[in-house]
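Let me begin by handing over the structure; questions about it come next.
Chain IDs A, B and C follow the sequence of writing; residue 1 opens each chain.
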Amino acid sequence: MYPLPDGLFAARNQWYIAAWSEEVSRNPMERWILDEPVALYRKENGEAVALEGRCPHRGFPLGKSRVVGDNVQCGYHGITFHSDGSCAAIPSQPAIPAACRLKAYPLVEQWKWLWIWMGDPALADESLIPHEDELGLTDGDHVIASGGYDLVAGRYMLLHDNLFDLTHVGYLHMPNIGAGGGAQDTVPEIRTGPNWISSLYTQRNVDIPQFFSRLQNHTGKVDRLQGLKLFLPCLHMGGSQIFLPQGEDGRPGKRLGSLRVYHGVTPATRDSSHYFFAIGQSWSDDPAASQELFDYNRRSTFQEDMMATECIEEMIQKMGGRLSEILVKADVACVTGRRMFERMIRAELSADTADRGTLTTTG
Amino acid sequence: MYPLPDGLFAARNQWYIAAWSEEVSRNPMERWILDEPVALYRKENGEAVALEGRCPHRGFPLGKSRVVGDNVQCGYHGITFHSDGSCAAIPSQPAIPAACRLKAYPLVEQWKWLWIWMGDPALADESLIPHEDELGLTDGDHVIASGGYDLVAGRYMLLHDNLFDLTHVGYLHMPNIGAGGGAQDTVPEIRTGPNWISSLYTQRNVDIPQFFSRLQNHTGKVDRLQGLKLFLPCLHMGGSQIFLPQGEDGRPGKRLGSLRVYHGVTPATRDSSHYFFAIGQSWSDDPAASQELFDYNRRSTFQEDMMATECIEEMIQKMGGRLSEILVKADVACVTGRRMFERMIRAELSADTADRGTLTTTG
Amino acid sequence: MYPLPDGLFAARNQWYIAAWSEEVSRNPMERWILDEPVALYRKENGEAVALEGRCPHRGFPLGKSRVVGDNVQCGYHGITFHSDGSCAAIPSQPAIPAACRLKAYPLVEQWKWLWIWMGDPALADESLIPHEDELGLTDGDHVIASGGYDLVAGRYMLLHDNLFDLTHVGYLHMPNIGAGGGAQDTVPEIRTGPNWISSLYTQRNVDIPQFFSRLQNHTGKVDRLQGLKLFLPCLHMGGSQIFLPQGEDGRPGKRLGSLRVYHGVTPATRDSSHYFFAIGQSWSDDPAASQELFDYNRRSTFQEDMMATECIEEMIQKMGGRLSEILVKADVACVTGRRMFERMIRAELSADTADRGTLTTTG
């Protein structure tokens, strides 16, 4: 489905952010992920659990049910499931039919996120989750404010499209972080790895953005580096740094300040997405400074990104599900990134077909 | 459609509760029944009328029109219909085309309900309506509070599913009538007749439910009988009785109290339903005691039943209209009851086919 | 689609009212017309512009973007378009791909309306727009209050149906302008031209409508003329005049008063419409008198017309998109008018086919 080719939605054998750690408690929570209902809760020892969120008996949502000990008990007729998805009890009978069980999704808590694996559990390799060190969450260089969450009424690839093309900063975010300069006149340098893609925008000798200027009480020309690195399929790590202009010798000027922004994008249903965000800054050890920055962007930048996503989703729906488009130079990351998503999904579909082939051969 | 086989919705040659008597007045009311618009109003002599709710001229809803004498006059262009559905007047012409008429639905007022027959009027036999004596509405044993109504955003069979399986009492209604004991550990005894099915749950020597305990100021062990009898296709009559434990001689103990609950379930559209309810009690002649019970359950038990129904409807819609399910012993009434609905609908479809066969033969 | 034959929606090579002049400013406005998004704004010299409202890059709505000079700049990534639809700038590249342009719709400001041509610009002939003199807007006989606008949740032909058949005045508008008499007992005299249809209702020696009676402090019998003239496809000009009864010599009595009502109906999407209205009266030079009349009807008559339209749209949707209907004598304008719409759309489709035929022949 747009902007991917017809029939392609999302890869399943991947880690996605399911929730902020702090969102999941002893009260189960319902969250749709990859068009499936998931029930999230914590066991008595605090360990988080992700189970199929639909009772196989009558379809009642387990995310609207209750936790008893380490089990989840359906809020309708009381059928109870262990945290591994097996059935613990059926009130009216001692026998447990084989079909009476829930999918249990591998779930890993890392930093402040819960990462879920919606595909084949046998393939769930924790080492594929972007590590908190790799993400710059542990280097002490930035103080992070976290916990941003919104359910966005738009398909997940539109949020990736948004992040792939930072020329939007100078326009969509003109009233706030875009004012005073942006990435709008540059084409980024793209790099890719097996499961990541990064884009870097370099601007020399431009006006300091009003946003930085105000925060750091500095005026005049600066060099600016902005970039994003997406760890497929879910997490964008973004940075924005301001330097004094480089000298004639080409050596970089002094760094005036640095921002880090984290955007988690998880498909909820086919036309809605979970959006997780955090933001950090380098210039103050005071968490209140980060929180102020977070609050400011939650009210402005992130709202604008979601507005654009939802406007385009609405346009797609009104146009009957399709949207013609033209590509420009600034879309280099977008084009490359979409192809990576497409390859990732197709590889999974081919593997499924190969599996079935094997089964047929041996059958 | 789920939970019935594909293509089966609801039987038409049956009596359904269309409304509470008190809902229908000289101002017409629109109510969708079996996916058709119906206009309900009263004639000058008080007799209630049910007509097709769509003007054949331009489709304006007659349930949003006005009554003139015993007729309904379309609120758009004034075409007027007698209470038998025939056209009384067309403002712009004296001639009345044959097609300018409304279906008139047989409508019977019994106890406080208006029963409607949506199918072939020639088959409408009033004696098929469950009689108020049979329903225990006239025996004076219980004081009834009535008039409960809600439009539920879920298909009607989900409300029947709810009532077929009382194990839900101990879970869905745990915070109120389920507390202190329930039907959850028993499989009911099922009985069926040509157009009814009953389930009876017997619990010996269990804790008195908190609900009864509080109302009757009694503590300790009791015997409990709960049951429901559905008069297909529409009305469930439920009872819940508490006794002192039976003696060693097997003779029942003294009855401490008894509740009666009436649930009317009428298909509105394919995915919404009308829900009518009333409740009565045996321990006080004061109607205020029944009204308090009614108000309590309207705020709690009935809300929970509707919440479960609407959650499952939403789940079905999100799953693309289908829901796989497993059956457990507690589903004995559900399985039997669904089959009765299926047979009832199929019999009607077969009769239609047979009719057409006859017509062809004689034609 | 109903009430037109299947597959017919609306003619494109026609002038439609897009907006009131006063609605369009230097801030762009989004308005869907004929199921297409349109961005409306004014250039620095005040000239109004209508452009395709979807950026060809990523589909962001240009009606939610910003105007820079005489251009519109996409609010997402800053691609900028001249008022003729050609691309002025792409931030990341100097080259402008041929496909990077917007449709520019011919737009004409006449009286207080902006008229848009959604079809082939080469065919846009301003002389086809009903002239303000022809519309009685310049004769000084009536003082007009204008600016009425609503988005109606119903297909545009239902609003035309409403205006084609004034028998609705005596019923739908019974509480206000219908009280005391109406067109309900007469069949109108119909006249048609190449692109217009008029209906005239004459009533002799009827009670003065309460509405006029109150406004003009007059009681007793009157002659009443009511009529509407539709300039296809969009604008109805209506009139309602009250005279003292004509004498035995057949000469008309003194005119007591006259109303003029203008209804603009423009398809928004397939099931919604823009409704523009204005109203004028002859008996007072005080604009406040017209404004009072306008406000009164905005709260009553127009609300009733929209309510009827939305009720019927909802009925159509619930009936699966189709509505059977019967026709009565009062439908003479409706039948004739619908056929004119049908012919207009079919002529356009034939011309398209002929064009393609030519292209094939010469190709």
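Operating definition for what follows: a residue touches a chain if its C-beta (ideal position, glycine included) is under 8 Å from a C-beta of that chain, and two chains touch if they have at least 3 such contacts.
Just so we're clear, the structure is a prediction, and the values are computed from it rather than from any experiment.
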Interface residue overlap between copies subunit A and subunit B, same or different (over half shared): different
Rotation in the CA alignment of subunit A with subunit C, degrees, nearest 5: 120
Gap in Å, rounded to a whole number, between the CA centres of subunit B and subunit A: 47
Sites on subunit B at which at least two other chains make contact: none
Subunit C to subunit B touching residues, read off their complex: 161, 165, 167-168, 170-172, 184-187, 308, 311-312, 315-316, 318-319, 323-330
Footprint of subunit A on subunit C - complex, ascending: 32, 35, 37, 54, 56-61, 64, 73-79, 90-93, 97, 99-100, 269
